[in-house]
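The same subunit A turns up in both complexes below, where it pairs with subunit B and then with subunit C.
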Partner chain A sequence: MAAPQVTYAIDKDAALMIEPLDLMTAIYHRRSGITHIVAEPIPQILAVIGATPETADVIAERLAAVFDLGKDVDAATEIISARLEEMASLGLLGRHYA
Partner chain B sequence: MHEFRVQVGPAAFRIGSAWARPIQMLAELYRAYPTPAITDYSVRLEPVSPMRRYLRPSVAIKGDYILPDAAPLPLTQALLAAEMGMNLQMALGWRRHLLLHASAVEKDGKALIMTGESGSGKSTLAALLGHAGWRFMGDEFVLLDLATGEAVPFPRLISLKNEAIAAMQKRISADRFGPLMAGTPKGDIRHLVPPVDAVQAMAIPARPALLLFPSFGFEAAVRPVAFSEVFARLTQASTNYVPLGEDGFRTLTRFVKDVPARAIDYRNGDEAQALVHSLWRELA
Partner chain C sequence: MDDPEKPSETECNGGTTRRRALMLGAVTASAIVSVRPALAQSAASVLNCDIAVPGPHGRGMHIDAYGKLVPRNTPGSFTTSGQKFTGEQVKAAMQGRNLPGTSYDQSQAYVNYIRRLQTGQSGFTCFASLQVAR
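Let's look at the complex of A and B:
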C-alpha cells in the first residue's frame, strides 16, 4: 500500500496574526499564545497557501509563480517541503493525509 | 502591623511592616504622592521568624505575589525590601498595560524610553534628564496603554546604585535622598525622590517617540537596531508580554513599528545627554 499523501492547508482555528517587521516576521499563534519570529520562506508560504489542502509540490509551484526559486526546482521543493513540515509541527499550518 | 499606602502612577500599594521605622521612611520619601483609599496590591515586610523581629532583625518580603526563594534582607535595607516587593507585584500581577522593564522621560508630550540590562545606566540617565528639563516618568517600568499605545508613567522612587549615587549627589540637594544602604545584594543603593513635577503629572501619559538601548562604559557610538531585534529584546524586557496574549502582541508590534530605536554607547553622563539630545532632535 502506498504511503498516504501529505497535504497542507491554512488552519483557520489557529487564526494567526502576522506582522512583517523587516527581514523577519512576527507571528502570533492565537491557539497556543506563542509568538514566532520567522524568516523567509515562512511568510511567503503563508501568503500562497489556502484553506484547501495541497501537496508540497503544488505549494512550491504556486510559490515559483510569484517568487524566483532559482533553477534547481527540486532542491527548492525539498526546502519548502521541510518548512511545511516544521510549520505543521508548530501548529502554524494544518497537516492532512489524503 | 504598621501600614503605609501610596499611589504610584496607575497602581495603588499597601505596605505593611512589622517595624515602624521602614514605614516612617516610606512616608517621608513618598510624602508628595497621593494616598489611595483602595489598593491593588499588598506588600508585607515581616520578620523571618518571631525572634528575628528583635534579634538581628531580618526582613522577609511577603505580599500578593511572592518569590518563594527570595533571600531576606537586614532591617537596615527595609526600603530596598519594600521597593523589591512593589516591583514584584507589578512584574507578576499587572495586566492593565504592557509592562516594559525600562526607564522613561517626557518632553513636549513625547516620551523617550530607555531599556537595557541592569548596569546599562537607564535609571541614572532618566534621573539626570529628569533633573535637566525633562519630566521623569519612571526608572523601572514603562507601562504601554493597550488601546492607545501611549506610555503611562510609573514614577516610583529612583533607585540609584553604586557610582550613580555620587553623580546625583553632586547635582541634587541632600534632602531629596533616602538613607544610603551599603552592601545590599545589588551593591550600594540610595533612593532619590523624583522631582515634584514628575509626581504631579504622574497620571499624564506621553506618546513614545524614541527608544534607546544604552550601554555604559564604551566609547560614544550610535547604532540602528532592526525592528526584529527591537521586538525580540522588548519581549525579553516585558514581564507580562506572554500573559497579555493578543493584546501584548498588538501593542508591542505597534510600538516597534512606530518608535525609532537606537543603541547608544557612552562613558559618562554628559556624553550620554549629548547623544540623547542629538538623537531626540533628529528622530523624535
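Let's look at the complex of A and C:
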C-alpha cells in the first residue's frame, strides 16, 4: 500500500496520570479533564510505547517480548493496531505519519 | 514508563521464558470507557442542581397525572408555575415525600413529569445525575 505509515508515540503534553485499580486502570487525561477507565491490553500497550513514534508492528513486537500474544501474529497486530487508533483518537497517544 | 507486567527473572527457566497471555480481546471490542467531566460534575452536584416544573418548553401548560404536558383546561390536570425543585427535593419525592408546596397527587404528577424528561430538555441533566448518584 502506498498509504503513509502511521506511527504512535506518547504525547508528553497530554500529561497522563495512570492509576491501576485492581482489574481496571484509570487514566486521567489532564489536557481534556477526561478520565478513561481502561482494561487490558490498553495499559500494557501504553507501557511499551515511548516518546519516539513507532509503527503498530514494532509495538506488537515489543509486547510479544513481554507477553504471549498467541500464534496468529497478524491477528494480534491487527487488534493492537485497532487499540492504538482508539487511543490516538481519544488523545491518549500521538499519531504521526512517517 | 514503568512496567509492572514484565515477568521477573525467576520466570526465565532453562532458556525458555514463560510469558503471560495478554488478553487482547477482539478488533471491534473497545477496552476504554471515558468519563466525561460534565457527567462527573453533575453527579457531584446533585444537591445544587434544580429542575423547573415544567421547563421552558412547557411554560403555561398543565401536567396530568401521568406527567404529560397538557392544555390548561384539561380535567384532572395540575396547575404549574415553573417552580424549581432542587435535586435533593426531587430525590426525596421519588422516595415518596411530597415536593415542597404541592399536594400528594400534584407531587406524583410532577415526579412523573420529571421521570419523562428526555435528553436536551431543561432539567434532564439534573435528573440523570440523580440516577447516577446513589
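In this section, the second predicted complex is superposed on the first by the 97 of 98 C-alpha atoms of A that agree within 3 Å, B and C clash if a C-alpha of one lies under 4 Å from a C-alpha of the other, contacts with A are read in each partner's own complex, and residues count from 1 in each chain.
Going forward, contacts are C-beta pairs under 8 Å (C-beta built on N, C-alpha and C of every residue); 3 or more make two chains touch, one makes a residue touch a chain.
Because the structure is a prediction, the values reported are computed rather than measured.
Visitor: Quick check on the superposed pair: does A:V48 touch subunit B, subunit C, both, or neither? Answer first, second, both or neither.
Guide: So A:V48 only meets subunit C here.
Visitor: Quick one: classify A:H36 as touching subunit B (first), subunit C (second), both or neither.
Guide: The second partner, subunit C, only.
Visitor: By residue count, which of the two partners contacts subunit A more extensively, subunit B or subunit C?
Guide: Counting residues of subunit A touched by each partner, the higher count goes to C.
Visitor: For A:L90, using the defined touch cut-off, is the partner it touches subunit B, subunit C, both, or neither? Pick first, second, both or neither.
Guide: A:L90 contacts subunit C only, not subunit B.
Visitor: Taking the superposition as given, does A:V73 touch the first partner, subunit B, the second, subunit C, both, or neither?
Guide: In the superposition, A:V73 contacts neither subunit B nor subunit C.
Visitor: Mind working out whether A:M17 is in touch with subunit B, subunit C, both or neither, as first, second, both or neither?
Guide: A:M17 sits against subunit B, while subunit C stays out of touch.
Visitor: Under the contact definition given at the top, report the residues of subunit A touching subunit B in one complex and subunit C in the other.
Guide: Overlap of subunit B and subunit C footprints on subunit A: residues 33, 35, 37.
Visitor: Under the definition above, what is the set of subunit A residues touching subunit C in their complex?
Guide: The contact residues of subunit A facing subunit C are 10, 18, 20, 33-44, 46-50, 63, 66-70, 76, 78-80, 82-83, 86-87, 90.
Visitor: Which positions of subunit A touch subunit B when the two form their complex?
Guide: Those in contact with subunit B are residues 17, 19, 21-24, 26, 28, 30, 33, 35, 37.
Visitor: Would you mind writing out the residues of subunit B in touch with subunit A in their complex?
Guide: Those in contact with subunit A are residues 226-228, 231-232, 235, 241-242, 245-246, 249-250, 253, 256-257.
Visitor: For a test of understanding, state which residues of subunit C touch subunit A in their complex under the given definition.
Guide: Spelled out, the residues of subunit C in touch with subunit A are 1-7, 19-28, 30-37, 40.
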